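Shared between the two complexes below is subunit A, which pairs with subunit B and subunit C, respectively.
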Partner chain A sequence: MPAHVQPLKVYFGVFLALMAFTALTVSAAFVNLGPANTFVALGIAAAKATLVILYFMHVKGNTKLVPVVILSGLFFLFLLFLFLAADYGTRGWLGVPGR
Partner chain B sequence: MASDAHGTPLGADAAEHGHGAGLAHHFDSYEQQKDSATLGMWTFLVTEILFFGGLFAAYGVYRSLYPEAFRASSHTLSIQLGTFNTVVLIASSLTMALAVRGGQTGKGKLAAALLVLTLILGSVFLVVKGFEYHEKFVEHHVPGASFHFEGPDALHAQLFFSLYFLMTGLHALHMVIGIVLVGYVAERAWGGAYTSENHNFLEGTGLYWHFVDLVWIFLFPLLYLIGRH
Partner chain C sequence: MTGTTNPDGSPRTHYLNAAYGLKSWLLTRDHKRIALLYLVSISVFFALGGLMAVLIRMELATPEGDLFQPDIYNRLFTMHGVLMIFFFLIPGIPAVLGNFLIPLMIGARDLAFPRINLLSWYLYSIGGLFTLWALLHGGVDTGWTFYTPLSTNYVNTSVITVGVGIFIAGFSSILTGLNFVVTIHRMRAPGLTWFRLPLFVWSAYATSLIQILGTPVIAIAILLVAAERTLHIGVFDPKLGGDPVLFQHLFWFYSHPAVYIMILPSMGVVSELVATFSRKPIFGYKFVAFASIGIAVLGFLVWGHHMFVSGQSIYAGVIFSVLSMLVAVPSAIKVFNWTATLYKGSISWDTPMLYALGFIGLFTIGGLTGVMLATLGIDAHVHDTYFIIAHFHYIMVGGAIMGYLGGLHFWWPKITGRMYPLFWSKLSAIVIFIGFNVTFFPQFILGYLGMPRRYHSYPPEFQVLNVMSSAGATVLGLGYLMPLVYFIWSMRYGPKAPSNPWGATGLEWQTTSPPPVENFLTQPIVTGPPYTYPAPKRAPEVTVGV
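On to the complex of A and B.
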């Protein structure tokens, strides 16, 4: 058997974890956590995405260049969100209408 | 590894020149060829992440500006259908991952069968999505002249539904492209085109399919699950 072949139980284990996270995110939406609801939902989505990327997309055990490419992309996505938040989040702070 | 300065076309007279079938002449080894294919596919997927990222950013801005409109609009979506589709899509990611494993272990027929299963699950997702879209048209929740919304802040509810159709529509377009790719790869896998040394096209198609699943993993809670309590 060639290198880098994951055992079947890894695939089924990840699938079951993804199903459990889906059940968790749906039930969490019905509990009032205030503003934390959004962060819980995004946190669970990020955990699911990490499982898919590492095990279904074989980033774990692959050439190290792949995580570098992914993280550089995510860094620019972070910049997009950061500067948008810095803009919209501080509007009105000057006390001048429309600024 | 023997020199490949002879410029033999891909796979031709492979054994004679010390170069295995399915190894392009500009690569030294199957390992290098696979790593290059994987890296190229991921570079493309990163551009896709940033492409969808713009829509997620727009969603974040408008949801923070009009939280009530977004909450009320989100509640008109069917949480049952959304959850069902999430399960279907994750199951299709499992069958796709197992198909790629079939390619890795040289089991072309098994890979083809799993790819057909992936294709069927992907189609189920799109059919359910079609029923959801139909319901939006019936309820006049499609942005435009005939838009009508019963809840608060109908004007900005249109923003939610614009983003809903843009994001799920773009996602569905990726699904359609994915289904066509999976069908093509299934046919090739059945014909024995993929070996344990070179199944890079199958692997790349798998990466694309999983990416489409990743987008849905974020779309589902953001569109369907806003403050259901």
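On to the complex of A and C.
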């Protein structure tokens, strides 16, 4: 068995954690947190995604090249959002209608 | 001589004759055969895309829209772009030359995932069939860019069918890139360190990074267009709270780096050709290698230069303008280093070298006009004019296709074991170079004078330049037909090629032509840097011409 495969109880633990986060997402949807609504929902989703990537996709405990590949993808996603923000964040500065 | 070898010592059995029948090709896992499957497939799409170009140029020979109705003309230029970009240029060099050469160049038996390699060809073919099916059912008329809200709200052509075709073909591209990255990391021959790799492998690696990191974003953009078109979910439609410019961001986040998917492998080919045919090591090897990575990374930061007049924030435009000029730096490093390699080299004017020199000249013009277009003021003037058409054809045709043809002529003896007629091949290179310039240089002037793209009629004062362009396209088309004829001819009648007809140094030249199924009969071991010219004497057979 490859060294990076975790004991079965870890996978069950992660599964339970994901279920708990799902319940948390549903619960949070019933609470009006104002502007924090989106951030809370995305934060929970990011935590769930991290668990899936680390355990179910076997990134934790694998060779160091694998996290490098994952982080590269995330970095380029960050670049996409960064430059989108550069556009959307500054469109109104000139005060031209529609910008 | 034994029963398993030819009189010249080469093995009787190679990858082409190891098995026969359609099944042996359609179920092959041999990277060399898959490369040939791709070669045939992309040639079909190139011919179809070329046919659309012929029809476009016929229409534009006169100022009146007298050959096609406007809606048919819209479909012609859209399908020309879709077929050429997604089904010829993007798979072009990586899937044909990359598939064939990367294992050979690194001394491996095959790619890391041979089954995935075959799967990628099937995905490409399925995507292509979707697009052809859409073509037969009226095609699509949005332009290859599928801008919203036109593509989501207003046209009733086969947007979703073509989108699905591109979506599926995108996965083929991702799988090819993934295969190359893993292969280059894990399967290099003993002694083949990163800085001993041929520069073609470096450029294929950089290309693969773009394929893996960029392609998912265009897939998402296409899915969102389909969702908006069918479910009206309001991502791009302002009435529903969306933003049409967001589509342009998502589209160009992939489609600008996709230009580098097209051009980087050609740059890799040119590095091989310049070193071989000037009998010198590449000047500044590490700079050329890192320039490939630099182009791949910087290429992701410049997409907004397609959107200077789209409603994008002017401040974002300034950032994109500066970054776009930066990407010229690694490109210029390559051009200067190739030129420095030529300096005092023992240059021979073989066919591949003619293509390489053509590439350097035409890419330089395409690149420098790109810097002009990165300037906000100039771009506002020539945006959506023929200046843009001329610029990107200098990159994609003058650059990418010249490199592809140069590579095909260079490695054809290795791929098929046959030489092609040298006179005709040199003539075709010259005809293509002349035809290309006569076609596209007038378009720079037309665009600067204000002729917009994507119209089937134009003011009469533009006719002389348009007729020049159409006449050049005829010459260019003739130039492209010539290799098709003599390559097919050479497979049966061409003189047999020796293992190393050009006297080149790469590992791929150390095995027989065509290579055996397992590529090398013994595991090659690398003990020195690449391009150790002056290298072995050129084989006399290379002078055989027809």
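The rule is short, and it goes like this: the second predicted complex is superposed on the first by the 94 of 99 C-alpha atoms of A that agree within 3 Å, B and C clash if a C-alpha of one lies under 4 Å from a C-alpha of the other, contacts with A are read in each partner's own complex, and residues count from 1 in each chain.
Operating definition for what follows: a contact is a pair of C-beta atoms (placed from the backbone, for glycine too) under 8 Å apart; a residue touches a chain by one contact, two chains touch by 3 or more.
Computed from a prediction, not measured in an experiment: that's the story for all the values here.
Undergrad: Would subunit B and subunit C fit next to each other on subunit A once aligned, or clash?
TA: clash
Undergrad: For A:Ser72 in the superposed arrangement: first (subunit B), second (subunit C), both or neither?
TA: Touch status of A:Ser72: both partners.
Undergrad: Looking at A:Val26 after the superposition, I want to know if it touches subunit B, subunit C, both of them or none. Which is it: first, second, both, neither?
TA: first
Undergrad: Contacts for A:Thr63 in the overlay, against subunit B (first) and subunit C (second): which applies, first, second, both or neither?
TA: In the superposition, A:Thr63 contacts subunit B only.
Undergrad: Applying the document's definition of touch, where does A:Ala49 land relative to subunit B and subunit C: first, second, both, or neither?
TA: Once the two structures are laid over each other on A, A:Ala49 reaches subunit B alone.
Undergrad: Specify the partner with more touching residues on subunit A, choosing between subunit B and subunit C.
TA: B
Undergrad: Please work out whether A:Leu94 is in contact with subunit B alone, subunit C alone, both, or neither, and reply first, second, both or neither.
TA: second
Undergrad: Classify the contacts of A:Val5 with the two partner chains as first (subunit B alone), second (subunit C alone), both, or neither.
TA: Only subunit B is touched by A:Val5; subunit C is not.
Undergrad: Look at A:Leu80 in the shared chain and tell me whether it touches subunit B only, subunit C only, both, or neither; answer first, second, both or neither.
TA: both
Undergrad: Which listed stretch of subunit C (73-81, 235-243 or 487-495) steric-clashes with subunit B in the superposition?
TA: 235-243
Undergrad: Which subunit A residues come up in both lists, the one for subunit B and the one for subunit C?
TA: On subunit A, the residues that contact subunit B in one structure and subunit C in the other are 65, 72-73, 76, 80, 84, 88-89.
Undergrad: Where on subunit A is subunit C touching in the complex?
TA: 65, 72-73, 76, 79-80, 83-84, 86-91, 93-94, 98-99
Undergrad: Which subunit C residues qualify as touching subunit A in the complex?
TA: Of all residues in subunit C, those touching subunit A are 185, 209, 212-214, 217, 245-246, 249, 253, 300-301, 303-304, 311-316, 319-320.
Undergrad: Taking the complex as given, what residues does subunit B use to touch subunit A?
TA: 35, 38-39, 42-43, 46-47, 49-50, 53-54, 57, 60-61, 64-65, 79, 83, 86-87, 90-91, 93-94, 96-98, 100-101, 104-105, 196-197, 203, 206-207, 210-211, 213-214, 217-218, 220-222, 225-229
Undergrad: Quick check: in the complex, which residue numbers of subunit A touch subunit B?
TA: Touching subunit B from subunit A are residues 1-2, 4-6, 8, 11-12, 14-15, 18-19, 22, 25-26, 29-32, 37-38, 41-42, 44-45, 48-49, 52-53, 55-58, 62-63, 65-66, 69-70, 72-74, 76-77, 80-81, 84-85, 88-89.
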